[in-house]
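Before I ask anything, here is the structure I am working with.
For reference, chains read A, B, C, D and E in written order, and residue numbers begin at 1 within each chain.
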Amino acid sequence: TSGSSDEGDSTGGDGAADKSEVTIAFQENIQTMDPHNGSAGIDNSVQYAIYESMFTPDEDGELQPLLATDYEISDDGLTYTFKLRDDVTFTDGAEFNADAVKANLDRIIDSEGSLNNYKSLRDVEKVEVADDYEVEVTLNNINSQFINKIGMLRMASPDALENDIDFGEESAGTGPFVLEKWNHGDSLVATKNEDYWEEDLPKVDKVTFKPIPEDGSRIAMLKTGEADYIFPVPVNDVESLEAEDNIEVSVVESTYVNYATINTSKEPFNKKEVRQAMNYALNQEDFVKVVKNGYGIVSDSALPATNNYYAAQEPYDYDLEKAKELLADAGYEDGFSTEIWGSDSSKDKRGMQFIQQQLGEIGIDVEIKQMERGTLSDEINKPESAEDSEVEMWYVGWSSQVGDADNATNPLFSSSSFPPNGSNTAYYDNEKADKLIEEGLHAKSEEEAAEKYAELQEILWDDAPWLFTAVDEEPTAMRKGLKGIWRSADGNFYLREVEWE
Amino acid sequence: MSETQITTDQTQFVETKQDSNFKRLLRSFKKNKLALYSLYVIILLLLIVIFGPWITPYDPQEANYDSILEAPSWQHLAGTDEFGKDVLSRLIVGARLSLGVGVSAVLLGAVAGTILGLISGFFGKWVDRVIMRICDILFAFPDLVLAIAMVAILGPGMKNVIIAIAFFSTPSFARIVRGETLEIKERLFIEAERSIGAKKSRIILRHVFPQTISTIIVYITMNIGGAIISAASLSFLGLGASPSSPEWGAMLSASRDYIGHAFHLIFFPGLAVFITVLVLNLFGDGLRDVLDPKTRD
Amino acid sequence: MTSNPVLEIKHIKKYFKISKGWFAEKKYVKAVDDVSFSIEKGRTASIVGESGCGKSTLARLVNGLIEADSGEIVFKGNDLTHKNEAVWRTFRQPMQMIFQDPYASLSPQMKIKDLVAEPLLIHYPKMSKAEIEKIVKETLDICGIGSQHLSKYPHQFSGGQRQRIGIARALVLRPELVILDEPVSALDVSVQAQILNLLKDLQEKFDLTYLFISHDLSVIDHISDDVAVMYLGNIVEISSRDTLFESPKHPYTQALLSSVPDKDPKLKRERIILKGEIPNAANPPSGCKFHTRCPFAMNVCKEVAPVMQTLDNGTQVACHLYQENQS
Amino acid sequence: MTGLLEVNNLKTAFISDDKTTQVVRGVSFAVNKGEIVGIVGESGCGKSVTSLSIMRLLKGTSGTIQDGEVRFHDQNLLDLSEQKMRKIRGNSMSMIFQDPMTSLNPVLKIGRQLMQGIMLHLKYPKEKARKYAVSMLESVGIPRAESIMNEYPHQLSGGMNQRVMIAMAMSCNPELLIADEPTTALDVTIQAQILELMKELREKQNTTILMITHDLGVVSEVCDRVIVMYAGRVVEEGKTAEVFENPKHPYTEGLIKSMPKIGQKQSRLYAIPGQVPDPANMPKGCKFAARCPHVMDICTEKEPDLIKDEEGRKHRCWLYQGEYEGGEKVDVKSSTGN
Amino acid sequence: MGRYIIKRIIGLIPLLLAVSFLIFIFIHLIPGDPARLMAGKDATNDEVEALRTYLGLDKPILEQYFIYMKELFQGDLGHSLRSNAPVTQLFGERFLPSLQLSILSIGWAMLIGILLGVISAVFRGRWPDYFGTITAISGISVPNFWLGLVMIQLFAVQFNIFPAGGIETWKGYVLPSFALGAGIMAMITRFTRSSLVQTLQEDFIRTARSRGLGERAIIFGHALKKSMITVLTIAGLQFGFLLGGSIVVETVFSFPGMGRLLIDSIQFRDYPVVQSLLLIFSLEFILVNLIVDILYGFFNPKIRYN
């Protein structure tokens, strides 16, 4: 490895020298600072520094109170009552209270979909102010995952919403930082909120967020001290970063499942044997080793182990004989040709090549078709039905919230989620699975939900609408001495308590 | 005088000593050492293109997960890639693809551009104005944007990459050929052709076009390099050849994930592109000195 | 003079637009400005004048390579004015042109035999290959190019030989009228003599009519029957050769004749050295265009352009000096 | 009367990668102070290369001077360093070229081009150089000289540009002016003006002029003496009138006869048959033998010497070699000269 | 001169109108749906539709074009679909860095290019010529992303002399401008060389020599000025391209310039941004060409506009 630049930090950027500032570099561009419209993970993470939600996950993925102190669910499971903190004001001077929460939720609901967060509130019937610091939200259907969704919505000052301020220019949240300057595409600077409601926080004066698309540059920036905290770190570079004295790499087991959907509505994939054969032919260990450079965990369910409702299944061992047998049973002893679609990222490129090589061993000739994301999304979503669908395999991944099993199954396996209505590109259509997804969502208790989801996972695993591969372990790297900033399994980072040691 | 005596002063015919273009080319290449050596390398490359699949030390597509990312050694002279494939073998096989993309894209662009340029230059007036304005617009578009859009519209794959690159090399050919045509059109022999009654189509095809050929050839050689690099850049942006194919640009773009710790992966394909493009350019440069000392654009 | 001219040019004009762009002031070069003359069959009519006076433009007008703005071109009784390419093409066989620069006027990438055969291919598409070859060989032979050179390219020949090829190319169609635009000015003296002799021989053999253009008075004197002198787009004097050289009338003709350096050093004549430069054709002087350099310029010359008139000795001249005499 | 310029046995060749072609093949002549000497000959016979060799201006071409000497004021120019040569060029020896349109820099103003040489050689400060340049322009008959200083060559006509060239060449009062076809690109009426101007220069400033041309008319018009070249050699030399009256060499004779003359009605012209031999492929013996009407056996075998006869004329032809046995052989003069 | 420029600019209006229409059609030809991309993979069709209506993308294409043009004539380049920021602001933020980078790249490329070109021409066929030619041609023979990556590895990571990305200090411009300028330098070297070689063979150079001028005066005083005409045209054209940003180099160096804005916007099918940017680029390109034409006249007295 090339570890000769250890002393590099002496000349490095201000980040290393100035202990009151933190620079965070990541891949994606920040798209919007509208607290209700963030879609990419990065938008959410950056916004959490400025806008807070009623609840926030801890490092174990458990929800902890933030702007709310507690919540209750009515016996019929339809009404949620949130108790709010009473000592919080927005940075524009407005008070945080039940009215503020209602204003925020109403804005999202009224958008009917034009705001990204609308998805979280699909089932909401009404929002009512019960008290100065108490809000009641009524659903029209029981939703076992609801708290995970509403709890994470960011709150902005009702005055700001009223005045329709430009969130790209100014901010009005309750968070530890205030938007200072956003240079689209270059950097976003947030400075300390002097009146933050929690004593002693925040501990740094300034946080700079920088989109750095090129992996190599991002890593170089960390090495030279231009950045203090970077992600994603390409798995191939972990080793060289670990070799540096003043850099620390932490690895988080994520909720990001890698897989390739298999279009079950199409010949020959409508035969379960074929799909299983493909799974037997894929060496998941090698997948982790080659594609993920060791940073991944072999999938043994459609859900990642980090999901609260995960249930492990009997793995598909790497067994070429069995795979060939199954193929022969299905009438494809000579294999067949197919196509795999995927994005144009180098990560996906590698994954698809691996699949191509592995399936080649049992005579399945895979052609790789990489598409630019807009085109790809068009190709996937243009067909209105399973019959019209053209996708055969799609190499992709899915990341959901730790506590949200519905989001990790419904858009992917429910027969109502065929494109363009969702991401079920396997066109997986199983009544029993549909029913279990439904029941899991509307379960009245955790236990019931867990039970339903476990059963669902068993069916999914056996039916193999996917080529299962692995769940990512995501490395993140930072300068030594940085504390209080962490990444969750679902890919967000939280920096309320960030500080230099 | 019934029989006019016609003077035929052909006592001796002097052969003026200008020889054919080809002889001049050879002679002048002997003087231009760079162009000569480039020609040798190009010939070598062509041999690799032709015989590539039979001279690889390993199967270029065979993955070996036990020896991934190995540094260059006697076993693997250029190391192995992320799937344990032999990089040298892939480079050898990939020569065909990379040069193929470059050559076919440029040829395609040259044909289209030449036709447009001839028409534009010869007919002038509004035809010229329309064609040249379109070329201007295409010029003003950033190349890669155009290519990205083309690939997005046409779909991924080598064929479409070729079309995209051809598409944006067309206007420059059109301009070059138009410029030449404008100049040739004013030459006396074109007027002489008109005065013997030759039709426009004949003049363009038989008299103007042959005059532009040497410029076009020079420009083609000089553009192949650029096209190879464009293809590599497209691969870099994820829009090139099928990722598993050993096309050099695809190899380069895949290797950037390993730049920190498997330098050979980016170095060797880069070197292959560099040498190829360099010799093509040097050769083109030499060719231009011989065939067309006055190329401007 | 017989009454049956092969070619008749009446008041022909050609102005070239030189301003570019949409809003710019329109400017013209009056390259040929109201020129009339005619040529009788079998004779050589010459046009002499200095660079830029419009000789080549006139030749190209006559040959239909450019279209006249106004005036008439009558060839063998056919009015060819404002006719399109297709009509002209039918008259290209009897009317041929030979150019000044023999190298530049031969398409460089064609072999001699193809060059000479091309006119035949165009005008007689049905002619057999063998026949074409026969005519080509014959014509080249007459022009002094042996058949051993058929497969060579123009660059392999010397200037004089190239001009012979050019001549062969024109003659292969057996034309009646040949327009020669400075056919010998690019050649060396000794070669020039060869070509001039050849032209004379061919004229006799094929009964050709020549429109001969040159700036070299000694060549003109040698070859012409009739001579027209041009100055800045106008013909200022037309006369038979002998009359012109013996008694030039127009002051410009006189100056031109006296400017020719004499080959005989003993014969020192009094020269008329003109003042100043040839004016710009885009911005010609008013009145008589020659008045700025004319040693006899009068006031009227600055204002009124003289008209052409015939003197007693048959000379036509456009000059105020003679206008007075007449009126 | 000693020669201002003496060229002895000058040999210049062009070297391409595979062969060396001698195009000036032992040229010798002398020019006396105050004389106008003409060099005539067909295109390609080496006239320009001779003049360029004298000025040592072959740089930028593949030409090299192989042998001989160029004595100017008894100093062999070929021995001088480039630096010293530069002091002579444009100063005591200057040159004008055939095409005034291409021989002036199209992107520099006339004034600047003129002043460069004046400031360089006469060491005048800028203002003075400017005034002097204007006066030079006036002296060659250029109207509104002041404003012409600020114009570009393309704004002037050919005749004007040639005058600018002459002004430029004359600005440092050269003793020798080499004019390489100074009027070929010009019209007859303008040519007459320029020739008049050159004669004037000689009269007023006693400038020595070496006039290179292929136009016999020009030679007879202005030159005192004429040198006839053929295929890289001098074939005849003598007083202009004498040579024209009584040409000795058949080539000279042919040349004079083949020119059409005004007022001399000939139905056919005399034409020297054939062409000039290719310099890369010179025949043995007399280079003119193949075209010569008087060719003898010896002509194709051995080249005649350039000899000087009693009348002081020089010629290179076997026809006279016997006659003038005692004649001085100019060729063999050793390079130390007289 | 002034009239000429005004005339040229007026002449641009129909051209730009045509360009705007072509661009509009062109980017809508590219498959992809901004609403779908913004809504995310887990959005239902109804949500996507709602978003599309909200963004005004449900209207017929021609109507969208007329709306866009109407706003354009009022000086409004539209708002980003994605971040809702005005395009003028996005453009403003990126313009300066791109301009600075362009000037720097062109600057050093011209300086070195002309120098190398002169050396090559003067020592034609000898080793300085070979050196110049190889150096120059190397510049266009490497993909510039490769050059960029290798330079980052070398100068940022190994030696830590220059930053790997960002433009907080002037140092941030060094590597990108090198990567961008290399190709242009090559071009300029070659054009300088061939043009100078040609110029040095012209008659007027011989005239200058015949007047006793030294070689330096001849090359710099006489020949180069004429050759500059070609070089300038090339440089101008390249400058026009550069102003549009370089997608690849900007990506490699995380440079906040036009190229990255463009590619990001294309990826999200952010139509107003892409549209306006492409229109601006065309305008810039045309203007740069106009300026080159004018400078051309300055260097070439034969083409003086009046």
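By definition in this document, contacts are C-beta pairs under 8 Å (C-beta built on N, C-alpha and C of every residue); 3 or more make two chains touch, one makes a residue touch a chain.
Here the structure is a predicted model, which is why all the values come from computation and not from measurement.
**Student:** How short can a chain-to-chain path be from chain D to chain E, counted in steps between touching chains?
**Tutor:** Minimum step count, chain D to chain E: 1.
**Student:** Hey, which chain ends up farthest from chain D, C-alpha centres compared?
**Tutor:** Greatest centre separation from chain D goes to chain A.
**Student:** How far is the middle of chain A from the middle of chain B, if each middle is the mean of its Cα atoms, in Å?
**Tutor:** 46
**Student:** So how far apart, in whole Å, are chain B and chain C when each is placed at the average of its C-alpha atoms?
**Tutor:** Taking the mean C-alpha position of each chain, the two centres sit 47 Å apart.
**Student:** Which integer distance in Å separates the CA centroid of chain A from that of chain C?
**Tutor:** Going by mean C-alpha positions, chain A sits 87 Å from chain C.
**Student:** Touching at least two other chains at once: which residues of chain E meet that condition?
**Tutor:** 30-32, 149, 153, 157, 251, 266
**Student:** Which parts of chain D, given as residue numbers and ranges, touch two or more other chains?
**Tutor:** Only 271, 273, 275 qualify.
**Student:** Going by the touch rule set out above, which residues of chain B reach two or more other chains?
**Tutor:** 7, 9, 14-16, 31, 148, 152, 237, 256, 259-260, 263
**Student:** Residues of chain D touching chain E in their complex?
**Tutor:** On the chain D side, the touching residues are 52, 55, 57, 59-60, 86-91, 94-95, 97, 99, 102-108, 116-117, 120-121, 152, 154-155, 165, 168-169.
**Student:** Provide the residue numbers of chain C that touch chain D in the complex, in ascending order.
**Tutor:** Its residues touching chain D are 50-51, 158-160, 188-194, 196-197, 200, 215, 217-219, 221-223, 245, 255-266, 271, 273-274, 276-278, 280.
**Student:** Please give the residue numbers of chain E that touch chain B in the complex, ascending.
**Tutor:** Where chain E meets chain B, its residues are 15, 18-19, 22, 26-27, 29-32, 125, 130, 133-134, 137-138, 140-146, 149-150, 153, 157, 190-191, 194, 197-198, 230, 233, 240-241, 244-248, 251, 259, 262-263, 266, 278, 281-282, 285-286.
**Student:** Hey, which residues of chain B end up touching chain C in the complex?
**Tutor:** Against chain C, the touching part of chain B is residues 1, 4-10, 13-16, 18, 20, 187-189, 191-199, 202, 206-207, 210-211.
**Student:** Could you pull out which chain B residues touch chain A in their complex?
**Tutor:** 63, 65, 68, 82-83, 148, 151-152, 155-157, 237-239, 242-244, 253-254, 256-263
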